[in-house]
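Going by the order they are written in, the chains are A, B, C, D and E; count residues from 1 in each one.
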Amino acid sequence: SPAATPEPAAEQPSAEQPMEEPAAETPMEEAMEPKVVTFAWTQEPDSLHPFYTNMWFSATLQQLYLCWAWEYDDQNIAYPNLVEEIPSVENGGISDDGLTITLTLRDDIVWSDGTPLTSADFKFTYDMLMDDANSVNSKYPYDALTSVEAPDERTVVMNFPEPFAAWEANFWRGILPKHILQPVYDAEGSMMGADWNMNPTVGCGPYVLDEWESGSYMRFTKNENYWKGIAKIDDVFLQFVPDDAAQTAALLAGDADLGTFIPASDVPTFQDAGLTVFTVDSGYAEGWFINFREMASPAIRDVEVRQAIAMALDRQAISDDLLLGLTHPIETLWDPIAGGAYVSPDIVPWEYNPEAAKTKLENAGYVDSDGDGIREDLDGNPLVLVHGTTIREIRQDIQAVAQQQLREIGIDLAIESQDSDIFFGGYADGAPPAIGEQDIMEWSDSTYFPDPDTDYWLCDQLPSEENPYGYNYYGCDEALDALFQAQLVETDPAARQAIFHEITKYMHDNVLWYGIYSDPDLWVVNSNLTGVKFSGVTPFYNIWEWDFAN
Amino acid sequence: MTRYIIRRILQAIPLLFIISVLLFVLMINTGDPLSTMGGRRVTRPEDRERLSRQLGLDQPIYKQYLFWLIGNDWTKVDLDGDGTAETQGTRKGILRGDFGTSMVQRGKEVTDIILDRLPNTLLLMIPTEIIVIALSLAVGVYSALRQYSATDHIITGLSFIGYSMPIFFIALVSMYIFGVNFKAWGLPYLPTVGMFDPKVGKTTGQVIQHMILPIFSLTVITAAGYSRFVRSQMLEVISEDYIRTARAKGLPNRMVITGHALKNAALPLVTIVGLDVPLLLGGAVVTESIFAWPGMGRLFIDHLSRSDTPVVMGILMMISVAVILSQLITDIIYAWLDPRIRYS
Amino acid sequence: METILKIENLEVKFHTLGGVVNAVNGISYSVEAGKTLGIVGESGCGKSVSMLSVMRLIPNPPGEITGGRILFKGQNLLEVSEEKMEHIRGAEIGMVFQDPMTSLNPVLTIGRQIGEAMMVHNGFSREQAEKRTIELLNLVGIANPDQRIKEYPHQFSGGMRQRVGIAMALACEPDILIADEPTTALDVTIQAQIVELTKRLQAELGMAVIWITHDLGVIADLADRMIVMYAGYIVEEADVFDLYEKPSHPYTLSLLRSLPRVDSSRGGGERLATIPGFPPDGVTIMLGCPFAPRCNFVVDRCRLENPPLIMVNNDHKAACWVDVNTGKERSL
Amino acid sequence: MMGTAESDVIKIQEEFKTEALTPGQLMRMRFVRHKMAVFGLIMLVILILYSFGGAFIFTEAEANFTNTKLRLNPPSAENPFGTDTVGRDILIRTIYGGQISLLIGLAAVVVEVVLGVLIGAIAGYYGGWIDGLLMRFTEAMFNIPQLFLLLVMAKFFGGSVPDINLFGRQFSGSVVVIIVIIGLTSWMYLARIVRANFLSLKEREFVLAAHTTGTSNFSIIFQHILPNSIAPIIVSGTLSVANAILSEAYISFLGLGVKPPTATWGNMLEGAYNYVETAPWLWIFPGLLIVLTVLSINFVGDGLRDAVDPHALVDAG
Amino acid sequence: MTEPLVQVRHLKKYFPITKGILIQRVVGAVKAVDDVSFDIYPGETLGLVGESGCGKTTTGRTLIQLYKPTAGKVIFDGQDLTEIKPKTMRTLRKHLQMIFQDPYASLNPRWTISRIIGEPLRVHTITQSESAYLERVENLLETVHLNANYMNRYPHEFSGGQRQRIGIARALASDPKFIVCDEPISALDVSIQAQIVNLLEDLQDQLGLTYLFIAHDLSMVRHICNRVAVMYLGAMAELANRDDLYDDPLHPYTQAQLSAVPVPDPRVTRARKRIILEGDPPSPANPPPGCRFHPRCPIAQPHCKVEPPVWREVKPNHWVACHEV
């Protein structure tokens, strides 16, 4: 992707200039006129408490007002933030048996109100997460620990019952300020109702929340106590816009300096208008999850049919026409992760070849015996598959295209779409994917990015009466299950990579997951901003370095 | 009168009960607020199971309703999933003024969420309603008095069109003309989204500018219906016997219209307005969505789409109460204006 | 005797979907000052329409006065300006309507409704009007008038409302009071009250009264002169005693014969005389006399030529080719 | 003597009986004089021809034919109404969308009328506590703004509904859902009208006469009262069609309506505000068709109302 | 004297005034008919007169069980109608018919004449075949002097008088013994009233019918009835043979009523002495205590205000409810 690699470094020096120029003319006014960067935000965060929201539009903001133990750079490589260094076997941070991880905190880290940030805050964070009274959104991965200890102010010790390969990508994403929340917890028995959740005016990021007017805007102002250096831009202003069109308009008009989740179709317009577009891999991939459970259509459980489908969809056209070439077709869920390091090099991508697909179906015994254009199996059952997805324009567009292209090879795709809270509802709610009503399910998903782990295909995650919330909507494949179980406890990176090569090859060739396109984050930024970099994990990791060029 | 009011309020209780049960059952069986809690990923089963217990979503529906209605501070709840309820509940229930807390904005009081938005909605709706009433009275009466004149035909035609137009269409068209095209033609154009331009800040001038298009759209639609109503009322009234009596007394036409016809014709409008006013609290869902007005309508849509039962129920119950109160107030105003009711 | 209202060849039509209704077909008569004229006729024969024409209150559309003159104190009311007409209505001609339930404005006080005409026509102040209103209510026999002027029509019974209607019509002391079936909706005992009241008021105030009714009993009590209408025509006009003694039109004659009387038993078994058939609908244009199809005295001429009002006796006119006393065709 | 007199009566009556206009004739006359109603009727016929006749020129496959290369083309000779986000021809989609929109309008009203008439009739006829209960329920439904109720219901029924096959065509199951929920949320007004009508008709003397005769309640309801309530039901039903079409448009506009690939005028507008500036043809054409249809139906409904209402003022124009 | 065909004993009909929504509370009652007793003999016409709202219609309708009586008995042909089973009542209905006041409202506008007239035939399966049915309808039309060719027309094609004949034909269809005529002529034009009255009289002669003739036109009642009952505010004031009542009314209300009736003869009517009653009748929801008539009565005495008068037979066949007679 051409726009993916801007050269922000080159612009760094120029950042100095505006500071001086106006200062010389009107020093008073310059001091009073704050520098504000405006974000056009199409979804209003529901909460700013890191454990009460998983909303992307909220989590993304955490680098503004919170801090993680380690964060990720624009290559999605972790670098130490609150810790001296990232634990490893080599530096002794990880015990040889992989059951203990020890963190050593920096000595200069403080909360925005000046209170030092210590291991007590880490321990408090763990305690809060584990306390049922708090009803946090997710206890993962902390429920995999046996305990967290804080032997001294700067040491945090994590104890595991068994090795946990994916620790780096999952722990210590946001530390809670004990001195703020402990009193609330003590008073109310829970931190759920704390004012801080919506109004985190104390944090440890480069900014702190200043004001949030529901439905309108949110303003962050710089943290004067930020230990890495005070941010150059005074305020970050989030303007909530109702939809993509409003966002586009605001960006084009210069009313906003930054926008995200823009429709691909608007990208050329932005580029023409001189705005910078960043394409940042965040591990997400749009794909078809195939249902090969026993309630699925017999046809979709036939590998030949799946392979035929894989050859029948012109994914390149979708990327080129519907997504204006901003992305590309992919083969596995792991394509966007670590530069594809987990994808088997032996994979041969599925080519768009309707004729071959037809032949494949023909050979597998699916012929159109009644001349209606739809093939039937040997028993005369027509080849009808149900494709479901959530309500989103691009997905519904892809459905329409797929329906037509599959019809060309004689497969009738019945398409349906639901609101995501219904689509992803549990087994007990009768949600279509959970109960296995749909043969093909499309959405965009990721692993525990940047870690390749996922437990979607584990056999014990099959939804059922007993396990109503199980989220393996696809099926249990013993071989695949074994591979996924093995990588989970494999702490040697190379060995783990090898397992994933096996997984990806197996899933690709059997078409258990069919990739449509890589789903990177798109950021549109005012070209006047300097120092702008994005990470796929911690997008605003260096926002304190951003500034306005003249 | 006080007895009448008390009786009416008592009568409202079963009504509200039916409404709340109906809506609650619909909402509880609609989508799962937990399913989207994982953000862009599907929520983990362990978390779902735990949260549904901790938020009480695993309870049978009648219990959920009961807790919503009267709270659960009289009983214990099982937070840790060991099967024994050990923690004292904290909810007070809607009857004691506790609308609960939002599911998706965990910990945030529904009351606060609503109160954040209500002023914005009222800011849009009250001027609209005032303009609509004034406009439709003027237009309706004028049109009725000149029945079958060219002006009447034009007004009737226009009001039919306004009445038949989905609000989103007029909103889009007005956006397209006054926002997009006026800008393109270099004319002074109107802002199309939000309440104010963040660059300028939330000044009165800004807010007024941003109110113009939504109010315009709402007015076109509502005034069309109202003015048709006023016109037909007026036509009906001027064919009444008592108008003939007034004419037979030799009153000049103007007095007949203003002194005798207008009050009778405008009276039924009170009922219509009374029916509509509470709906204003709900905001114009569509208008607010299109113009990005941070009001109740958008709040409703946002929380409905995430199955946030407490907030959705809060909004709907607030509107229902408002509807009932407003019917009561309408009756009182009507009685005050209409002697036939006042003295019976 | 002074004639204050003279109607000449009045013609009124209504344009309806079913066709043009000829409601009034060229009627002429006059009203003398201080006297009571009774107009009787069946429903739909044009009684109300002819009176509303005098007030120029025919709803237009669909109604239209297509011909004739209405001379009130010498001026043709069909030609005066609307403003002038407003001064005549209420001030010089008062009108009482049939249905006391609907002809008062439900949302205005009785006091206001009676008083406003005086404020308009006589230039009274509010206080003056109120004072006079109280007097008027006293006059029409409503107790506690100073209380009741603050009340609304629905707080009055039917008979009371009709009294209010009369007070309203009399407010500006008109020269003519037109009463359009003012007692039809009322019970006999109440009817008797209103009749007595009207007689008393006429004696006190000396205005002319036009009393429309279809009840030949009530009018016998009240009228000085009588007009009988049928299908938009006047078929007979006479002094009241003359008319009942010597009805000269077959319609009047049969009507009187078909009425039972409360004061005498005609004994069991005696049948009432009947008028066969039913009145015409006003749309169908008929050749000849409109009553011919129902008439016992019908002769050939009746079916061809509509008879004019003929003086049959001194001051007694009838529109019939036949002399009902002899049963013979008149020689005209 | 009596015999002859009375037979004369008959003879004379027959002779002079003018052909009275039947109520039906009068209604037709009043309707035809209502110029806007006639205009509405003609427009409606044109719109129906457009939606159903158009199907003889274009196939449904063409309506759903995607060509990603033709994405968002403005109106041109090949695509008179332009193309949508996946390159489908908007003209053809409005034809097929029109069928569904009109179908929804009509079918929803059938649901509405059945519910409204049933509830209104029972409440009005039996009165007492049955009436109290039903009317309380009606009032409760009335108290929730219709759009809100529609949205909640659309959500409630928004799970997976299998496609249906009708007249040899495949429809998204959500069409049925939308029909049902529009019907479920709009019967209250009709129920009130019917109830009021029943309340007044049941006291009418011909109904009392039927009671005197010993006629059963069932016959009284269905043979005496209901046929006499038809006029207001038809008027209200006609106007409801317009409302149902609008309701469909509203919920589809908000994304809770009929699911693709089945097009409706409403769901063609979904997300239209994203294209106010960039692709106005995407929303102008279906939007205009909705306005025209609703307008025409409202005209016709208004004409019908005047036609059946004997109190309606006589139109001189 | 022969046995009465209908015996009405202490008949009461109160219409509850209710308030409340789910649970209807009765807060009062319109005492439309309050303790009324009288007999109707076979073959006679009993007139029932009184001011508007005094309960005439309610009496008639309660009598034939269109309204369920609040209390009292109605004995028809030896059977107490208030106690028999609904099913028996339905079969009995063919003997009890009613003619209504408003000829426009009393015929179903959507039914043809033959269907209207034939409804009792079908309900009581009086005619077995379609041809018998048609024949009977034709007969009935002829009985009321209407052309049988009109059978397939609709009510709107007829004038008021003709419609009233259709109503009468329907009432006759099931061969009733007893017909309640509720102001059958008051909506008709003067020139038509006599036609209908004559028809009713002829039918009575031919078919031996018994009528309860409700009217407010005292002149017509005098013409058609054998006996006359006067009602005031839900109760009986006086009941006597026609000439007794008209020539020698005992109750002050009857006297006032009779004196108020205008006579279509100027000489007579102007010579008559009128008793003009003060005020209007009170509301039946809240009747005055004691004698209901006392507030308007010219001869009221103090005890009239407290004590309700007894319904008594002061002369043979002359009943009255007044303290002062």
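In the analysis below, a residue touches a chain if its C-beta (ideal position, glycine included) is under 8 Å from a C-beta of that chain, and two chains touch if they have at least 3 such contacts.
It should be emphasised that the depicted structure is a prediction, and the values quoted were computed from it without experimental measurement.
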Steps needed, at fewest, to go from chain A to chain E via touching chains: 2
Chain whose Cα centroid lies at the greatest distance from that of chain C: A
Pair sharing more residue contacts (C-beta pairs) when C-E is set against B-C: C-E
Centre-to-centre distance between chain D and chain C (centres being mean Cα positions), rounded to whole Å: 49
Centre distance in Å when chain A and chain C are each reduced to the mean of their C-alpha atoms: 91
Euclidean distance of C-alpha centroids - chain A vs chain B, Å: 37
Set of chain C residues in contact with two or more other chains: 271, 274, 276, 278, 294
Where chain A touches two or more other chains, by residue: 242-243, 249, 419, 422, 431
Set of chain B residues in contact with two or more other chains: 14, 30-31, 192, 239, 289-290, 307
Residues on chain B engaged by chain A in the complex (per definition of touch): 30-52, 54-55, 79-81, 87, 101-102, 104-109, 113, 116-117, 120, 192-199, 202, 289-292, 294-295, 298-299, 302, 305-307
Chain D to chain B touching residues, read off their complex: 36, 136-137, 139-141, 143-145, 147-148, 151-153, 155-156, 158, 242, 246, 249-250, 253-254, 269, 272-273, 276-277, 280, 283, 287, 290-291, 294-295, 298-299, 302, 313, 315-317
Footprint of chain A on chain D - complex, ascending: 64-66, 68-69, 71-72, 85-88, 155, 158-161, 163, 170, 172-173, 255-256, 259-261, 270-271, 273-278
Of chain D, residues touching chain C in the complex: 2, 5, 8-9, 12-13, 15-16, 18, 20-21, 26, 29-30, 33, 314, 316
List of chain E residues in touch with chain C within their complex: 51-52, 159-162, 189-195, 197-198, 201, 216, 218-220, 222-224, 226, 242-243, 246, 256-270, 272, 274, 276-277, 280-281
